[in-house]
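In what follows, chain A forms one complex with chain B and a second complex with chain C.
What follows is the complex of A and B.
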């Protein structure tokens, strides 16, 4: 049995935040879940996917976040509890659905999990998704800890049912990827099937209907305000004159700092867990007991602006601080020492920062950036593209996935990236606005996610570029999740369809389609050269399984390689491929046999043919 | 793995524990940093200069993480280098191991530097490096967790086939740290 399905009520388990959230949803009787994977949310979905095979939960990897949200929205409007899980930027993709779903509302509980990523550990921006609550008029809940996340997600379903609106559940990386001790509760029975009752004047958002629905949404907003006022997730601690308003993990840093500084008697803390709508009356009465207030929140001054507005309404003129010089930054994530330092200053108490060891005299430590794996097919494709484009002036728009790591030398095959799918669409713009050869890269999962509309646009408007679709048979970056091109039978799963990328590309009208096997280097370079010569949209599909995925599926790897005495130290292998299996010993290139996967790409490019298979 | 065993041992000992890990790019050769906080603190991260113990699985990474330490920190490190790729392409120089140890010793309370790969091999499983280091960590006595409890956690958290070698690795790490002290 999956550990998150344990019926042992009261059992204490050490769980990752994402596992605790999944368990909370299971305890809440979640019936239908849908996602597009994205760090830091991915383990929630991984757990649901596993659980769905041994319980009544239906769970799917949808083609993108908008799809996932709409799948869940229909389920919730059929009376079954549903959840859509995504990273923060995923909600941008789903925002179109979100804004009007707020008008329509839901019948059964629906939770939209948005995992924000302050500091951008694995994201392209650090946007603060609490503003989506404000923009859409939907409630936002934010846990401070792993334990609280499990309980709060259950509350989110209840709240959603009470308000008849979806609820945004906003986490940050330090909730998703922290581990804590969680106490298991009862698992509610799952209502797997509901019914959809026709009522077009509530569900079909033509203008005449939406004008009424907006009125309904504002009514729900007022009800939500009342619930936020009375929510036990908005609580105060202490009675001191110095107010501190905080949320999420900032509450942890504040609690620890107040204890460390022995300032319990000086402060009064308002922890906001139900942050949209902000609990107006709670904040106003909190302000009345304070001489001054400091708002501690990562990201944008979301609460700070609300607190200042409430103070203005009450004619309260105490200093209210938050973001600014000497206070907190809108950048990156917080940490305990940072919060302690600002609090010490705010509370005017002595504070001796930790004596960090002097690191000024340490030798320079070589950087260890993430790199494409040894034997990664993307490396071969990038090499092929660059060889075939030799002598051309190029622009390489890229996309979101492992292959974004092509940005690093020696590959240097990433020139522009904004979001999922932007490789194809920005290629359209670059090819019109410049005279350079535009060569772009997109992965298989990203192609299904948001690459197809761009490609249709390119064909329709007759743009001129070459798109590489890097088909490694899985969604590699986020942990090998399925996508519509994956052979599900390999995972022992049946009942799925499968979409061939080549069929899609031809069906949308691309005339020049080339399929290469990137580990056949010379043949591929010749084929790609032809694709580059084509005037119009040409597509190269590079097919080779992700090497980590192949290992996971226990597929046989090729013979490993070694550098023989014939090596004359041209170092083309290192300088052009940069495979991490290479290392230098006494100034000579060697291959680490533990890392070599036998792709043989280096053996094919060595000018001396000095790289040969290891004979067993 | 080391942190999940240690977390489990804390749970068995009824000691509050929280941890956080940044592992987005772990499989792509990037640095993985795990923080563990025992006791009644709420934070799951450790600021610079505030670690009581630092365990480094690779010597140059131990050096990189030294900013987490203060003069009272105890440092445990593996001595077997795993040079980053940047060294191979000439974009960096791997630090000298003797100098590295000298520097860490001078700046912290104690350094336990062991060839964990060798001991793991001796234990019968090269992949048990983490258990060797865990043994050395427990020997420092800086954590309120007994060796026996960690072994119990190893038994419950590792696959049956690896329990014996993992326990052996843990013990080898523990005694290596003891020898270092003497």
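What follows is the complex of A and C.
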């Protein structure tokens, strides 16, 4: 049995934040979950995917976040509890659905989990999704710890049902990827099937209907205000004259710092866990007892602006600080030392940072940027593309996935990236606005997610570029989740459809389609040259399974390679491929047999044919 | 209360030994809090985990999931670079247990070499963990950690146990 299905009420378990969230949803009787994977939310979905194989939970990897949100929206409007899980930027993709779903509302509880990523550990921006609450008029809940996350998810479902609106559950990486002790509660029975009752004047958002629905949303907003006022997730601690308003993981940094600085008697803390709508009366009464206030929140001054507005309404003129020079930054993640320093300054107490071990005498260490794995098929495809484009002036729009790591030398095959699907669409723009050869890269999962409309646009408007679709048979970057092109039978699962990328590409009207096997280097280069010569949209589908996924499925090639005495140290292998299996010993290139996966790409490009298989 | 930083690079098993330590602590009735940073770890980047262990029930001063600079009691450095990269987390009188190619002193050893010699090159993390617990640097004893390893060890359990014990043995040697 999956550990998150344990019925041992009261049992203490060590769980990752994301696992605690999944358990909370199980305890809440979640019936339908949908996602598009994205760090730092991915482990929630991974848990649901496994749980769904042995329980009544229906869970799906949807093609993108908008799809996932709409699947969940329909379920919730049929009376079953649903959840859509995504990373913060995923909510941008789903925003169209979100904004009008707020008008329509829900019948059963629906939770939309948005996992924000301050510091951008694995994201292209660090947007603060609390503003989506404000933009859509939906309630936002934010936990401060792993244990609280589990309880708060259950509350989110109840809140959603009470308000008849979806609830945004906002986490940050530090909650998703922390591990703590969680006490298991009872698992509610799952209501797997509901009913949809026709009521077009509530559900079909033509202007005449939406005008009424907006009125309803504002009524719900007023109810939400009342619930936020009374929420036990918005609480105060202490009675001192110096106010501190905080949320999420910052609350922990504040609590520890106040104790450590021995300032408990100086401060009064307001922890906000139900942050949209902000609890107006709670904040106003909090302000009245304070000489000054500091708002401690990662990201944007979301609470700070609200607190200042409330103060203005009450004619309160005490200093309210948060973001600014000498205070907190809108940039990156907070850490306990930084919060302590700012708090000490705010409270006028001495703060000596702890002494640290001096490591300045140790030699500087090289940077370790993430790299494509040894034996990664993307490396071969990039090499092939660059060889075939030799002598051309090129622009390489790229996309979101492992292949974004082609940005670094020696591959240098990424010139422009904004979001999922942008490789195809920016290629349209670049090829119109410049005279350079535009060659773009997109992965299989990203192609299904949002690449297809761009490709249709390219065919319709007759753009001129070559798109590589890097089909490695899985959604590799986020941990090998399925996508519509994946052979589910390999995972022991049946009952899924499977969409062949080549069929899609031809069906949308691309005339020049080339399929290559990137580990056949010479043959592929010749095929790709032809694709580059084509005037119009050409697509190269590069098919080779992700090497980590192949290992998981026990489909590895096995034969490993070594550098023989024939090596004359040209170093084409290192300088053009940069595979992490290479290393230098006494100035000579060697291959680490632990890392080599036998792709044989280096063996094919060695001018001396010096790289040969290891004979057992 | 003990604060431990485990640092290495992707693939070395930082998260696995963190889990072993945490489960052992939970078993012993301690409170545990962990935070991991592993953005694109599987692609060779730095991996660090912060581990806070406190007496049961008492979470005083340990609600933050991150260790502050200068506050770690122990740094388990799975990679030679880890000391330079994350040494600043250590207390001035903290202990660094490091895996280095040319080991000198009682708190470092060539765990990678020992693991290779055992035919289990990926078990260098367990060699180092065995060494750390054998050196008396950790909140728990070797038997307790071994018990957790037996529970969570999986398919390679025998080799893992060998590696762990080899590390612990080295610690005894360096004590003499």
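To be clear about the criterion, the second predicted complex is superposed on the first by the 608 of 616 C-alpha atoms of A that agree within 3 Å, B and C clash if a C-alpha of one lies under 4 Å from a C-alpha of the other, contacts with A are read in each partner's own complex, and residues count from 1 in each chain.
Criterion: contacts are C-beta pairs under 8 Å (C-beta built on N, C-alpha and C of every residue); 3 or more make two chains touch, one makes a residue touch a chain.
None of these values were measured; they are calculated from a predicted model.
**Student:** So if we stack both complexes on chain A, do chain B and chain C clash, or do they fit?
**Tutor:** They clash.
**Student:** Counting touched residues of chain A, say whether chain B or chain C comes out ahead.
**Tutor:** Ranking chain B and chain C by residues of chain A touched puts B first.
**Student:** Applying the touch criterion given at the start, work out whether A:241 contacts chain B, chain C, both or neither, answering first, second, both or neither.
**Tutor:** Neither: A:241 stays clear of chain B and chain C.
**Student:** Let me test your reading of the model: by the given contact rule, A:373 touches which partner, first (chain B), second (chain C), both or neither?
**Tutor:** In the superposition, A:373 touches chain B and chain C alike.
**Student:** Quick one: classify A:337 as touching chain B (first), chain C (second), both or neither.
**Tutor:** In the superposition, A:337 touches chain B and chain C alike.
**Student:** Looking at the overlay, what does A:536 touch: chain B (first), chain C (second), both, or neither?
**Tutor:** After superposition on chain A, A:536 lies in contact with neither partner.
**Student:** Which partner does A:180 reach: the first (chain B), the second (chain C), both, or neither?
**Tutor:** both
**Student:** Which parts of chain A are touched by chain B and by chain C alike?
**Tutor:** The overlap between the chain B and chain C interfaces on chain A comprises residues 12, 14, 39, 121-122, 145, 174, 177-181, 249, 251-253, 255-256, 335-337, 353-357, 359, 362-366, 368-373, 402, 405, 548, 580.
**Student:** Please name which positions on chain A make contact with chain C in the complex.
**Tutor:** My answer: residues 12, 14, 39, 121-122, 145, 174, 177-181, 249, 251-253, 255-256, 259-260, 335-337, 340, 353-357, 359, 362-366, 368-373, 402, 405, 548, 580, 594.
**Student:** Would you tell me which residues of chain C are touching chain A in their complex?
**Tutor:** Result: residues 9-10, 22-23, 26, 31-46, 60-71, 81, 83-85, 87-92, 94, 96, 121-122 of chain C touch chain A.
**Student:** Would you tell me which residues of chain A are touching chain B in their complex?
**Tutor:** Within the complex, chain A touches chain B at residues 12-14, 39-40, 121-122, 144-146, 173-174, 177-181, 249, 251-253, 255-256, 335-338, 353-359, 361-373, 402, 405, 409-410, 548, 574-575, 578, 580, 582-584.
**Student:** Taking the touch rule as given, give the residues of chain B at its contact with chain A in the complex, in rising order.
**Tutor:** 3-4, 7-8, 11, 16-25, 27-31, 41-50, 60-61, 63-64, 66-67, 69-71, 73, 83-89, 91-96, 99-100, 103, 107-108
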